[in-house]
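Chain nomenclature is as follows: A, B, C and D, assigned in order of appearance, with residue numbering initiated at 1 for each chain independently.
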Amino acid sequence: MKFKVFSELQYEVRMPTTFIFNIQVSPTSSQTILEESLITDPVIPREEFTAAAGEARFIKVQVNDPANFKITYQATVDLHYNIFEQRQLLDTVPVIKLDAETIPYLFPSRYCQSDKLQKLATKEFGNIENAYAKVAAINEWIFNNVEYLGGVTDSSTSAHDTLTERVGVCRDFAHLGITLCRALSIPARYFTGYAYNLNPPDFHACFEAYIGGEWIFFDPTKLVPANGLVKIAVGRDAADAAVASIFGNARCMSMNIKCESIDPEFKPYYIKNSEYQKGLSYQ
Amino acid sequence: MKFKVFSELQYEVRMPTTFIFNIQVSPTSSQTILEESLITDPVIPREEFTAAAGEARFIKVQVNDPANFKITYQATVDLHYNIFEQRQLLDTVPVIKLDAETIPYLFPSRYCQSDKLQKLATKEFGNIENAYAKVAAINEWIFNNVEYLGGVTDSSTSAHDTLTERVGVCRDFAHLGITLCRALSIPARYFTGYAYNLNPPDFHACFEAYIGGEWIFFDPTKLVPANGLVKIAVGRDAADAAVASIFGNARCMSMNIKCESIDPEFKPYYIKNSEYQKGLSYQ
Amino acid sequence: MKFKVFSELQYEVRMPTTFIFNIQVSPTSSQTILEESLITDPVIPREEFTAAAGEARFIKVQVNDPANFKITYQATVDLHYNIFEQRQLLDTVPVIKLDAETIPYLFPSRYCQSDKLQKLATKEFGNIENAYAKVAAINEWIFNNVEYLGGVTDSSTSAHDTLTERVGVCRDFAHLGITLCRALSIPARYFTGYAYNLNPPDFHACFEAYIGGEWIFFDPTKLVPANGLVKIAVGRDAADAAVASIFGNARCMSMNIKCESIDPEFKPYYIKNSEYQKGLSYQ
Amino acid sequence: MKFKVFSELQYEVRMPTTFIFNIQVSPTSSQTILEESLITDPVIPREEFTAAAGEARFIKVQVNDPANFKITYQATVDLHYNIFEQRQLLDTVPVIKLDAETIPYLFPSRYCQSDKLQKLATKEFGNIENAYAKVAAINEWIFNNVEYLGGVTDSSTSAHDTLTERVGVCRDFAHLGITLCRALSIPARYFTGYAYNLNPPDFHACFEAYIGGEWIFFDPTKLVPANGLVKIAVGRDAADAAVASIFGNARCMSMNIKCESIDPEFKPYYIKNSEYQKGLSYQ
């Protein structure tokens, strides 16, 4: 399935500022980048690098003079995620079998204080029979118990806050899902990407849990079809995968995001209840 | 300078439990492992792996039956850290020049909520002239303003707590140092190791800040000589470099740690005031 | 029903220290003080005062010289609380009908951040039909979801912490109950007293909710019989009703608490499930 | 000195809602209410009550039907606060001498977690010679270290947050001042009122500390002249003295506040540095 994605971010830069952007599509085995372009206005030198863990493509640019600065990215991507029957995913991979790349996703991180929620997670979800069912129950619980509402939370809001205040946006939903998984010793990571039919258009955040040896996709917001996500990055949480990190002084003036299917046969697939679903992997 | 380090950890295991230990000396360019041994009692299979970032050596073991479990490590290490004149360290490396391995140490992490402390750090330390002087001032500030006291904080205590409650142990001191550096856009990371003459003997935690292109060592506790640290690991914070992560149910019964100089010419060097020091790097 | 209560607190005083004690039985319409005595050793001047709201009897003493200091209180109390059928308690008293003494118990306080938990409380308990059933459900929820465990929480632990960490002692249980009630606009207050058959013996903390015009008693720990509580004080939370507030430097060396029935016909009555109970009021 | 104060609050009420307003001038020995009026539109029954502690005048009204609701208050007040030389205020009143009305202002409250800040307050301000100088130093410290900025904090922001995030509005400044005083065993309370020349016009929040037997006024924002405050209420913190507490569902559409001098000889007096000032009391 082919998608066209687009993002345009405009900033008013007030003093010399370094930006680290994370808006490019990630070349994973699930998605092939057919073409892409990235333009800055004004045109200035930029450097691309990948994170240590390899999943995210960052761009560094420095704007030296007070000015308006615009970065525009577009790509065409061919998406071919994997689908698993639940019976393939029944096993929690025991910690002793996890490899070095996966183990860090067991540990707490800035926005995911899983160390604080072990009793809660065990009480609420610990007795559920298998790993897939546990994470599916976490996903449903978040959907049912946290109100999706913009403008209440901000970039310092963490899962600990969301658990008590029960309100937030996709980022907060994802952080809470990750935290509850890790508190049950299930590796989980943040997933940021372009999402088909997100309204209003924006970047989207979801999460992946490591089940049966696969990174299975979950979206507790249920805002978008599960088969329309184009991955930008994964990370421990939003601290690893911020769309833009700004060192200096710049103000975002506008963000314009698009994600369109260019495949006439694309049928958006909305997950009603993740407990009864096959597993999707965007790995 | 040669050091002998030793650690022995005993656990009462109550149900099948996986341990991830992080107690072995790290083979860096500053330290050569002359010999080492690691024994578990009972003898059970173990697996060693290094973290994605490469600095830490983890051991995974699984204890399947309720039992007492003991892990014992000893090593002889030749230490040859680097010393820098402050004039070599005057420059903050601008964010635009940081490489992919260093950039993650700019971002907030579980115990280091640098995103919340930017105004405070800028107000207190922002006007200090160069990066070395900034971090040295942070180090002195923590030493002067936080009381070293055991038993008050625990494994969920973060820099945000320490900043207000003004009490903690080496781990808390290190987290606060890291957080204030990152809030000033200076990369900083957690350093855990064996320390000569730490009293009572224990693992020690300090931090490194990236100044003038080098990872310079700071210890806001001032408890041990700066030239007697044997590195186990670096990481974003204690979540990356816990001595032992336990998945299951086990209780630590005893810890026995030693770090001895076996070099008759070793002269312990205590830093009185880091503002007037040369920089040390254990990198 | 007659009870004898006793408390003896010993302190090592290191510098001139003022104590405010709150250990005397409160003379309410539910309990008659038949006799009581309070002794300090050494004998020093003391002053008794009642809080603005009138429910607590505080004692102020100042120990000027480093010394051991002991305060001993004993009383015999005749207890005659009220029992209400649930049908008498069906009505939530609307805020517009609350009087000036009751309204402050609607507002958040130090350990009861009810302003943060409104969405959670409404989601979990908002649809329950009447005020008694709501508070009974809150009480059962705390009993079922929070682990009673000493030594994990301390005097700065609040309901916000307990809600996520799911562990604590009677004080933490009470604070969480109060907070969830207030978040539903049901006035609730902290109740501290002597408790029959508490094991190990200690002061006890519970809460009262204002239902049907009465202050109804709830104890989410279910540790003691509901008919064996001798009230010391009520307040917004433990900040209003601390057993001892210490200004200076003193260390508690021992606490010895007793609460005995001296009525041969006393039958301890344990509430199994507060949903199916009559309401008790110690007002 | 005579002042005219005015406030008009408009709400869109969506379901039956009870309001508790706290906008009327408090009749203290420092201010005489020459005339006042309070009107609601629509005209509905209202009830006035004073808080247990007696300082605040609350109005309860219930709006039963979805509607716009407006409350308008105006008063003319004659202000005659007291002025004290610092030498009259040198003594900290020892806790043992505090009376029952004052003691509650020593304890932590919802937005003022003084129990958590004792080490910090003692370190920063504990060695300053007398109570007036201590509180003046706290006031200067807040003014110098916290940025006044609207829209960042909200009604759940507490002194603990402000201390680390170093940003807020008058309410946050007052809470931090109160907290630091209490952490030094100096009683302190929240003061809300109308303020001459506040820009943009709004209700104002400051604090009072109990020094030398007087409640001395401090305003760490330094936004308004110290001789132009008309008191509405005092309380432990904003939880006791909210302008409007809303039980139901209503949205504030507009607030219009005024505070004008009607005395041609009034000379606004701005405190530059509270360390060198006489003490003002609005008690």
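Following the convention adopted for this analysis, a contact is a pair of C-beta atoms (placed from the backbone, for glycine too) under 8 Å apart; a residue touches a chain by one contact, two chains touch by 3 or more.
It should be emphasised that the depicted structure is a prediction, and the values quoted were computed from it without experimental measurement.
Look at where the CA atoms of chain A average out and do the same for chain C: the two points lie 46 Å apart.
With centres set at the average Cα position, the gap from chain A to chain B is 30 Å. In chain C, the residues that touch at least two other chains are 116.
With chains as nodes and touching pairs as edges, the resulting graph is a single ring in which every chain has exactly two contacts. Pairs of chains meeting the touch criterion are A-B, A-C, B-D, C-D.
On chain C, the positions that touch chain A within their shared complex are 116-117, 119-120, 123, 145, 147, 160, 163-167.
Interface residues of chain A facing chain B in the complex, by the touch rule stated above, are 18, 20, 47, 49-53, 58, 60-62, 94-96, 99-101, 103-104, 106-110, 112-113, 115-116, 155-156, 185, 239-240, 242, 245, 247.
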